[in-house]
Each structure stands twice: as C-alpha cells, then as structure tokens.
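Here you go, one structure.
A, B, C and D are the chain letters, set down in written order, and residue numbers restart from 1 in every chain.
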Amino acid sequence: MSPHGRIFLATPGPTNVPDRVLRAMHRAAEDFAAPPFSETARSCLSDLARVFQTSGQVFCFIGNGHAVWEVPLVNLVERGEAVLVPVSGRFSQSWAEMAECLELETVRLDLPRDQPLDPAAIEAALRADKERKIKAVLVVQTETATGITSDMVAIRRAIDAAGHPALFVVDAIASLAAEPFAMDEWGIDCALSASQKGLMLPPGLGFVALNERALGIAESCRHPRRYFDLNFRRGAMTYQWFHGTPPLQQIWGLRESLDMLFEEGLDAVVARHRRLADAVRACVGCWAEAGALAFHCGVPEARSNAVTAIRVASDIDPDAMRRLARDRYQTALGAGLGDLEGKAFRIGHLGDLNEPMILGTLAACELALRRSGIAHGPGGLEAAIESLALDDAATRAGDPA
Amino acid sequence: MSPHGRIFLATPGPTNVPDRVLRAMHRAAEDFAAPPFSETARSCLSDLARVFQTSGQVFCFIGNGHAVWEVPLVNLVERGEAVLVPVSGRFSQSWAEMAECLELETVRLDLPRDQPLDPAAIEAALRADKERKIKAVLVVQTETATGITSDMVAIRRAIDAAGHPALFVVDAIASLAAEPFAMDEWGIDCALSASQKGLMLPPGLGFVALNERALGIAESCRHPRRYFDLNFRRGAMTYQWFHGTPPLQQIWGLRESLDMLFEEGLDAVVARHRRLADAVRACVGCWAEAGALAFHCGVPEARSNAVTAIRVASDIDPDAMRRLARDRYQTALGAGLGDLEGKAFRIGHLGDLNEPMILGTLAACELALRRSGIAHGPGGLEAAIESLALDDAATRAGDPA
Amino acid sequence: MSPHGRIFLATPGPTNVPDRVLRAMHRAAEDFAAPPFSETARSCLSDLARVFQTSGQVFCFIGNGHAVWEVPLVNLVERGEAVLVPVSGRFSQSWAEMAECLELETVRLDLPRDQPLDPAAIEAALRADKERKIKAVLVVQTETATGITSDMVAIRRAIDAAGHPALFVVDAIASLAAEPFAMDEWGIDCALSASQKGLMLPPGLGFVALNERALGIAESCRHPRRYFDLNFRRGAMTYQWFHGTPPLQQIWGLRESLDMLFEEGLDAVVARHRRLADAVRACVGCWAEAGALAFHCGVPEARSNAVTAIRVASDIDPDAMRRLARDRYQTALGAGLGDLEGKAFRIGHLGDLNEPMILGTLAACELALRRSGIAHGPGGLEAAIESLALDDAATRAGDPA
Amino acid sequence: MSPHGRIFLATPGPTNVPDRVLRAMHRAAEDFAAPPFSETARSCLSDLARVFQTSGQVFCFIGNGHAVWEVPLVNLVERGEAVLVPVSGRFSQSWAEMAECLELETVRLDLPRDQPLDPAAIEAALRADKERKIKAVLVVQTETATGITSDMVAIRRAIDAAGHPALFVVDAIASLAAEPFAMDEWGIDCALSASQKGLMLPPGLGFVALNERALGIAESCRHPRRYFDLNFRRGAMTYQWFHGTPPLQQIWGLRESLDMLFEEGLDAVVARHRRLADAVRACVGCWAEAGALAFHCGVPEARSNAVTAIRVASDIDPDAMRRLARDRYQTALGAGLGDLEGKAFRIGHLGDLNEPMILGTLAACELALRRSGIAHGPGGLEAAIESLALDDAATRAGDPA
C-alpha cells in the first residue's frame, strides 16, 4: 500500500520540522561572507543564549548531538584528568564511553535506570574525590532512552554541598525548549543541545553554551583538538564561527525556529509540552490498568515532558507493534534502547506538536495495540481529552484564544 | 497564542495537499510551448479520463468548481432550452441559479435536504416534459452541504425509464476519487470535478469529461461563449487546451497527484475513504446518543464517504464550537451551509488522509465539544478505533502491510 | 544530455517566479473562511488597486489573461451592442474574436503591426459612430506579440476629442508592473491584468479593475453571465470574491509578490524594466548591423520595456535557432506569433530579472545565433554592459547601493 | 534597493543548490531507523564510492570540509607520528595547522603559490625521511584559494619513486565532480570531499573514502577519537553510520544530487566543467590584455576547472569591486584568501552551472569592473561565447542535442 497522509512522528528525535522552517531552508545558496548571512548567523548565536538563559556564549557546530558531547571533553578537560558521569540510560552511558575513548579518566556512577539521578550519590562521589581530579560532572537532564528528567537544581546543590570545584556540564539535548531550563540561574557551566528535538530543525547542528568560567578554562586548555576547538571559533569572521563553510540553509532554518519559539514565548512552549505530556500520561495511565503496560519511570514527577517510555509485559514484542503502527498507521514510535531493548516502546512528544497531533498519535497507538492483541485498559483517549480540557479550563478560565 | 504544529483540515474542500504535490509545484516557470510541459499536460488529460473512467475526452480549465459548472451549460444547451435540476442542498441550488443567470429555462425539482435524490421524482419530471425541452439533467453526486451521496446508477435508470433523451450531467466535484465513479459504465454523458477535493490539489483547476455524444452536441452548439468553449480547446497547441497561458505549476501538481492515486490504486483510494468514513460515523454515532447531535442524513447508506454533516440541537451554536476548534485546537471543521447555517457542522474526510489524521480530528472535535459544553455520548474515539481495527482485521486477515 | 543549472526564461509570460513567491505558495491548505485567509485576500485586492493606481475596485479571477478578457465584455456591454477594437497584433485580434463569439457587434480597426496604435484612427472611428453604439474601446497597452507599447494618454485624448462616451478598457496584461500605468490619472475605466507577467506569479489568476463609472454600468448590465459576473463577487464573504473556493496558494503567492513590488517601489520596478530593456535594445541594435536581424517595431520610443520582437531575414528559420537555445543552452526565447510566425523571435524581459540574468540571456542568444550561422553584428554584449553602466552612473552618480 | 532576480553565485563554495535538490530536502522528518531511510542512506554511501571511483568504503560525516580533514589525521596516524603537507595555498596551510594542533609531527613543504605542486619536491621530502616517520602525505588536489589543480598521478609516481610507504591522502573537496578523479586507478589511499561544491548540496556533509589498506590501518589505530572514529561507523545500524542521529534531509538531498550526476554522467559533468572553465579563461584572457588583471596561476594547464583566481594591479581594490558586483548586480565573486587577500578575486565555476549562468556571471563581472574603473581588455564576452561555440561545434559536429 502506498502511503497517504502525513507521518505522525512520535520518535523523540528527530521531531517534526515545521513547514515554516522547511520553507526557510528552501533557499538558494549565497555568499556566506556577505553581511546578510553573517548577521543572520550572529543573531542566531545570540538568540540561542536567550533559549539557554545564559549571559555566556553559545557556539554552533555542524554535527549532531553526539558531536557536541565531544566539545566539553576536549575544551574543558585535559587528557588524563577525570570526569564524573552518572549513568542511568543509554545516552549517559554513551557519553561516558566517549570520555574513555578520548582518554579521560572516567568515573562512572551507575544509577538506577527507572528513576531520576540521585543528587546524594553525586555528592558522595564528589566528596570521595579528595584529590579533586574530577574536572567536570557530565549530567543528562532528560534521558531520552528512559523518558526521565532529573533535577538540575538539586544536582547543583549537591556539587556545592560537596564543596567540589568541578564544572557542571549538562546535556540538554532532549530537554531544551521542552522542559524548563535556566543555565545561569541553575549554576550550569556548560550546556549542550542539538537541532532536531525541541528546536524543531533537521538533524545536523549542535549547540554548546559556556559561561565565563568555562570559557576561561577552554581558553587555556591544552587538550589537542581542532574542529571542536572553541578558541578558533571565537574569531570575527563567519567561517571561523563554524570552522569552515557555514551551513547556510540550516542557519536560515534555525533563524525561523527561534522566531517561532519567541513568538510563542519560551514559557508557553514549556507549558505546552507539559500540557501535551499530561495528556499522554493520562492516556497511558488508563492503558496500564490492564497490567500489560506500565510507565518505565517509577517516580511520577520525574516523567519527562519530552518522551514517555512504556514497559511491556515479558511476553509482548513491542517492536512488532511498533512496526504495525509505522507501516500500517504511519505512526512512528520510539524503540526501547539499551536495557530496554525489546522491553519497552517510547512515545516522543516534543517539538512542533499540538492537541490533534498528540491525540491522533495516541489513538493510532491504541489502534496498533488493539490489532497486536496487547491488553490495554479502556478510556485512554477520553482521559487524554479530559486532561487537555481541564487544563485549558483552568489556565484560561474559558478564554478560547 | 502563536500556532504550532500542523493544521487539521476537516473542511470538505480545500483538502490537504500532500507534501509531494506541494514539492512538485515548487518549480521554476518554463516555456509552456516546449515539449516537456506539453507532454506532461497531455498525460494529465488522458490520465484524468482513467479517473473518470471514461473513453471520452477530458478538458482542464483554470477555474474552480463553480467555473466548470458553466461549461456544460454553455456547450450542451442552447440559450432558451431547458435543464432539469434536482435541488437538495446549497450546491445544487447554486447550480440551478447559474443556469437561470445564463438564460436557460431551469426546471427546479425541490427535494428533501436530508435524503438522497429520489430517482422516481426525476423520472416523473422527465415524463412530464412532453415536448422534450429538457436538454440536460444536472445532478450533484455528493452534496457537499449535506454530506449525502445519491445513486447515479438509479438516476440513469430513471432517465432511461422515462425514455427521455436528456443528457445526464453529473457534478462529481466532492465525490471523484472518494466515492466509486464510473462515467461510461453508469451512462453519464458529462461529468465535472475540481482540483481541491479528492484530487488533493490547491484550488484553481476544474475538469470536464464528455463522452462522444456530448462532444458532438458541443461541437454544433450555438450558445455564445469563448473562455468556456470546448471546441477552441480541442486544438493541437498547448495554449489551446487551456485557452491561453497554461497553469504550469498546477499541472505539475496534478501530474504528481495522479501518480499518487494510481500508485495507491483507485479502488484502494475509494476503500480508504470508506474505511475512514466508517470510523467517523462510528464516533458520531456515539456522540449522538446524548441527544444534542444527530446525523443530518436520515438514510445511513447515503451518508457520504467524503463529508459528514451533523445537526445540533436548537439551543447550540455550532459555529462557536467550530471557532474554538479552529483557533484553539487547529482543527478546521466545516460550517452548516444554506438551510443548515447555524444548525449543523460538517467534518470533511476526503483527500490525503490516514488513520491518525482522522482520529486526531475526531479527538480534537470531541475536545472542542466538551469545552463548549455540548453534550455528547461517550466512547466515540474507541468506537472509531474499533471500526478501523475490525475493518483491517476483516480485509487483511491480520496482514499488516 | 540531462539539463543542469537554471532555465533562463525569456518568454514574455510566464515569467520567472521568485523563490520567495514559490516558498510562500508551498503551504498547507487552510479553512478559507477563517479570518487569516480572508484578511490576506482582502489585502491583496486593495493592494492591487495601488498597482493599477486606481481608487476603484479590483476583482480577482481564477483564470488566465484570456479569461479576464471576457469580464468587461459580459459586464459592461449588452449583447448586441458594439465594441471598438484596434487590432495590431495577435492578442488584440484574439480579443476581437472573443467579442464576436460573445455576440457583441465588433468594430475591428485594422492597424499596422509594426507601430503603436494610432490615436487619430481611434478618434476617427469613434467620430464615425454617430449612433453611439460603441460601448467600449478595447485597447491592448503592450502587444506581447509585437513588443509594441502604445500611448494610453493619447488614446484617452482621442476618445475625449471625439466626444464619445465609450468606456476606455485597457489590457495591461503585459504592461502592468513593467511599464508606467496610472489608471485613474489616465482616465481608464476598466483595466485588466494577469498573474504570470509583471506580477511574477504562476499563471492562474486574472485581475480586473473598474472605476466608479464602470462599476455602475456593470451593476445594471443585463448580459447573461455567472462565473464572470462582477456583482456576485461584490459580497462580503470570501467565497463570493472568487465565486467559489478561493485559490489559497495563489493568493499567498500574490501577497508575497505584492510585498516584493512595494519593497522595491513601483517606480523603481518600472525604472528597472526600462534599464534592462535599454540593455537589450543596445545589444539587438549591434546585432542588427549585419542586416539579418531587425527590430520589428519601427518606432524606437514605442519599443516595449517588457518584450522585444526581432525580425529575421527571409532565409532564416528563427525557430530552429530558438530550439537550439532552449535545448542546448537552457534559454527559452519567444516565438513569432500571428503574422510574425516563422519570421521573428522575441526576447521577453519582464518580471523578476536583474542584470546578470539579462546579460546571460543575451549572451546565450548570441551563442545560439552564432551556432545557427545567423549573421549578427559584433559588440552586442559590450553595448549592453555599457548601457547598464552608463545608466547606473547617471542615475546614481556612482552610488552602488 | 530590494534585490530582485536570482543571485549569481560565483563563490567556489557553497555552490548553487539545484532546485531538484532543494525540493528533495523539503520533506517532513521520519523515523531514521525504519527501512526507507536506511536504504536511502546505504545507497548514497555506495554511490559515493562510484563518484570517488573506488572499490573501498565511503563514510559520511555531519560536518564541513574542515571537519573531514580531521578524519585521516585521527584514524590513520598515531599521535606523534609524522605527516608531510605540501603547502601552496590557504587551504593546504590550514590542513597543516590542523595536523599540528592534533600533535602530529608535521613536515610542511613550502611550495610556490602560483604553480601546481611539484612532484619532485614531494619525492625529495620523502626520500629525506630515512626513518619512515611520515605516515601520510596530505595533498590538496585543487587549491580553492589559488585556483590551481595539481597532478595526482604524478604525485603518486613521486611517492612510488621514493619507495616510501606513506599513505596518499587527497583533499578532493574542490575537485570531486568537477575535475577528473579516479581514486583506485590513481593509487590514492584516502580521499576527502564535502557536500557544498561539485556535489551541489548545502554545506553540512563531509565524505571520506578509504581503500582496503587505509581501512586496515584505521582499524588498529590507537589515536584517541570518538566522533571521527571510523570503526564505530562500520556497524550495521543507521545511527552508527552517522555516529548518532542521521541528517535525514541532507541525505535526501544527497540522493537527488547523486541521481543528477549519474543522469548527466560523471564524464559529462567533468567535460561540462572544462567547457565552462574554458569560456571563463577565454574571457579573463581578454580582460588581462589591459595589464591591470592577470591569471594568478602561471601554468595554463594547471588552471582549475572549478575556480579561477585573478590578480589585480597593486593600486586596485578588488574587494570594492566585489562589493559592487554583489550589492548592485547580485553576483557573488570570491575574495582573495591568505597571501592573495586584497590582491586578487576569484570566479567560482563549479557545480550546477550552464552556459547562460557563466556568461551572465562574466558579463556582470565586466560591468562591475567597468563601473569600478578597473581597466580590462575588450572582447571578453565574445571570446567566451566563441569558446563555447567552437567547443560545441567540435564535440558535437553540429548536433544540438
């Protein structure tokens, strides 16, 4: 059967690229050294700082999220120095592996996969580092693999409580423009993100924000590096900002996506993610009553507003259901990753989404569950609709606009 | 609030334009007299005949559906001759008005608005035309305003039963590529359609198909005309086919939409429309149980697979609900038209649609009903999901592809 | 050989559609009855009046230029009344034929094809109409087939001098947004244009502007009509403005092209056309020195700023040269039309053009002439460059911006 | 003045992105792990090997040309080992700097900037490396800064003549799909390219091709690395090929550009570049006769088919002329880089180009020269036209198709 209609993309990255952004990228190439492009690129970098909520500096890399993971490792830590990596999912684990590959001493803190990061464990690990070998704590705010968002403020407090000078480096790839994020206020020294999630762009750009302290450390860092070197990128010329030819079309798309975020308002964007995520959770809660499905995250308030991981009973093949949803109902759900491979599926709900998109996704998922013979409690869709209705009624007091 | 996410377009025209079609139209202008464009245009005209299922000739007009209504009137009927127009909704009524404006003697057959056209009434009207002044019977297959599809085969039989030589002219604007249509097999002499419904294109093109008999009549017709004259358009040159500059981008889009229809298969397209319409009807049936909403069409088997009209209780303002759905939930529902103004709303379900799109539309509609305080029975979404699941299980015997 | 690079479109319609316009049209369909679209459509209609320079009303038709030719004929003239049509090229001739088809009494004034319209001849024809049967004079400002622009002010004076009440109806299809045009100031009662020339849009829209006098006549006109009826279109509802479903994507494109025209400034647009046309004429003047090519228009100041027609010696096949230019050098030149078929070719130079586009077109044309063995004087390109350089130096006094 | 018409992009990267490619990239995001995308990505990687003309393996990196420079350095050379870098322009110099930053022992061979690389010098440098510390010779085939193409076959012979086992690593960023390239036949072990030149894509992808020998060395290389590690990318999963989220839209664009290259034929693509470059050189040769302008490259047969560098007399500001061309005539020329800064300008002529595009560029350049008061010999455009005409006549014997 030939596909018809729109794909419902419920993977937690890439996310839907708004038509406005695709249009902005559908544009003939230009001289990147001329003022029109330079000014656009510069405006994006400074506006990204507004999104990270920092007075520091933001750098843009041609690369994906994994590429920018490398940036703090080679700019803030010397070869042979240590990093602390709390590991609680597939992505934090990969970041730890990267640090090892780059010959950093990597202190892995193995934490439960179904709960948010435990600040006390981080504090203890830092206290144990008597020699202050740890230069940076690498924390993933929202683990895409588990759908769990940890508490960055509490982790900052833990670092402070330990009296440890380590830099606080946060992967906000799955959380930026979906969950609250306030880099300076939360005492984050370096934050990372990428284009293809809350920023609603095609994959291909990564972003790194540094505060003054981190910039100073990068300036004198002797870790061998070139493409990922931040100092090279602090020059005045456009090609320096991107270490070579800039990605014009992607930057035009970024300009548009930033405009969209500011038009909606960053707080409103976050509120929308929370509102839609609540609807997803209301629906999944009903489904779970039949016993075959369950929230992976055992701590309700840590369930991410970007992605929900759903465990399935041991006799269920979630990937067969996902293939049916994808091939028959044009609804792309996320697979279980790492420990959750074959044991879970994920519903991504971040980026350019609205109520009918989420409700259509949930309904198509229920249709796939039903056709796959996977038991699920009734009333999921109505619960989602009710959640949205109550939320709107509460926050708007009946004002439809 | 700035809009985010995709619009859910549930008006019965224009319908969603597939991304493939929009892409095909995003193309630099060319010399329309050169072979590449001429060949594309020619292929579209002959492939449209496959869609109408006729061995006759199809003409393409720059214009909308109302424009092509004029084509049979000025090519098949002489000024002063008569047409018979069964009127059962806003669109058939407008077509009758057009005939009057063009100084045709117009026999209006006023029929119930909530039922399909009665073939017996048509037969009686033709029998009453002893002088054979009626040159054509103008029939709307699917009344967009009422969501009712009439039985073309039965009407052909009625014309035959009356032994009347009138041409059988059918408006298939809302039905082509949504409902079954077989021009030659059903004895239709002239059929009309437009780009913005089942053909999934932007509005701006109209199509007229004529069989040999109708072509012969057009050839000798003396009705004054020029832009809508079919004879001019039968020349060998590309500009003649369009009576002037051809609409290049629209034709490139048409080429793509025809490719999509043939890739899916015309029968599969119709089956998909029926399947999705069944889901809508299952949902609306549940909603109706609370008494405030009801199917407008009293004859279940005549409910259109393209659009569903839903009457509301007299104390309900359907347009306030529609505005809420549109402005707050990005879901565009159709208004009640003509007699139904302020008394109904419509859900369009034709064109480039799939399961999550329909389910998302229904869910957003239920959300708007709920927030508008309009009583609706429970279980609508689940009934729609069940309808789709059962249909798939039946027709595919479990084959997901 | 597979084509590569951009087509150089030098047909006098369709013209290049700017990327900005194509992008604006690459947009998902919406509810046309909702305020966002209605407001855009309304703004286009009122901004078109600025382009026509009238305080009257502009109507937009789905149709091409030939479609809107029909509008004044059926709204301003009763069946059986007369129109005066000065004929000097293929397009004015077709318009006269249309009037005849519509059963208007058509007074053709056969004028030389290589000169602008003679106001004295028009005055004489009107003076001869003692019974005042002529309701309208139909004048083509720029004959696309001959590349000749006539003097509208002089023709208005001629009508006035004759003391004749006939309406002054002008086809500005090839001239609007290329040549000066001032409907009210010039005493034009009704003006027509279309989307695919100076307005830089895909073909598919036609525009009709009427002043108060013409609107009044249309209001009481009894000529049978419906799709082209102006009165129907004066309603308050969006669908009335377009007599049925509006062409959403085309209107979004129109909004963008109007924005582009106003950003550049209408006077600057006209000045640019004159400047680029001067370069074309400088080049063609050099080519002509070899004797095989000649300007078709014998009156230099009447040579159009939109299109240049070039006659070839009788032993030359201009169409073979055009095919070479088109198939081998991706440069689409216009054919000779009507009397000029096989005797001329045309270079269109209107719409979205700049200096390198015009110079590249001329150079590719010279390359095709050379490879076709068509004698042409030397120095054409340098003359074109010199023309542009001198013009810029004069008007800008050396200011490059 | 608001810009109108198309930009003429004559920078040597980014180059024009064909409309077909932009269309292919204007596409909604999908599940990258599903078969449709995986199969497309796989086909691109294997088709790239056809472009490089290797039976080895090609890897695709999200990154620009500078990013992929790093790949051979960290996969083929151990920290502390040596590389030989013949430096003859700004880009080869930057590559040498990168090697130094990455703590490789970098043997710079400083060569003349206005001539192709001297194979004898390379041979001598390798012979001098008695200890065989040099692991790789890093050679830029076409120096974008100087517009000079060196002889890869001769350099391979030089390496062989020296009997040195160093890997032959070639930067084909500015030459692939513009100049002849035959990786395996020429004995190249590793070749690099990027998306934004001959491959006609937006900037953002880099490509690295390795033969079996190089792959084996990469496999056991202990140089610390992660994002640029080739071994990670040899897995079976789509995300491994890109080390994280794949760049879907860019890959869809790449698929289209590869299709275009194969439709035209790689040999025809190279021949077209040579033909258009000949025209540029014919024109520049005429301009040079006035003494103020000169070819930078003193060896005619080494002048690149991708870009031409033109030196200006010492009293001339080439950048003021470039700004005039860019801001007034929408023609973007390349600046002088490195040693040539302020002393030269460059005309890029690679990628998606045809005759009128090149001729328009040259004419606009001449217009800017003229308005800048820069002396230039006459007849440049006619010489370019003659060059194209003679070439066509010779290779086609008059066959226009």
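Following the convention adopted for this analysis, a residue touches a chain if its C-beta (ideal position, glycine included) is under 8 Å from a C-beta of that chain, and two chains touch if they have at least 3 such contacts.
Quantities reported herein were computed from a predicted structural model and do not represent experimental measurements.
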| item | value |
| --- | --- |
| Intersection of the contact lists for chain B and chain D | A, C |
| Centre-to-centre distance between chain C and chain A (centres being mean Cα positions), rounded to whole Å | 54 |
| Cα-centroid distance, chain A relative to chain D, in whole angstrom | 35 |
| Length of the line joining the C-alpha centres of chain C and chain D, rounded to whole Å | 45 |
| Where chain A touches two or more other chains, by residue | 6, 16, 19, 23, 26-28 |
| Graph class of chain-chain contacts, one of line, ring, star, complete, other | complete |
| Complex contacts: residues of chain C adjacent to chain D | 1-6, 8, 16, 18-19, 26, 260, 263-265, 268, 272, 323-324, 327-331, 352-364, 366-367, 370-371, 378-379, 381-382, 384-386, 388-389, 392-393, 400-401 |
| Of all residues in chain C, those that touch chain A in their complex | 19, 23, 26-28 |
| Chain A residues within the chain D interface of the complex | 6-7, 9, 11, 13-17, 22-23, 25-34, 62-67, 69-70, 79, 97-98, 101-103, 194, 196, 202-204, 224-229, 242-250, 326, 332, 335 |
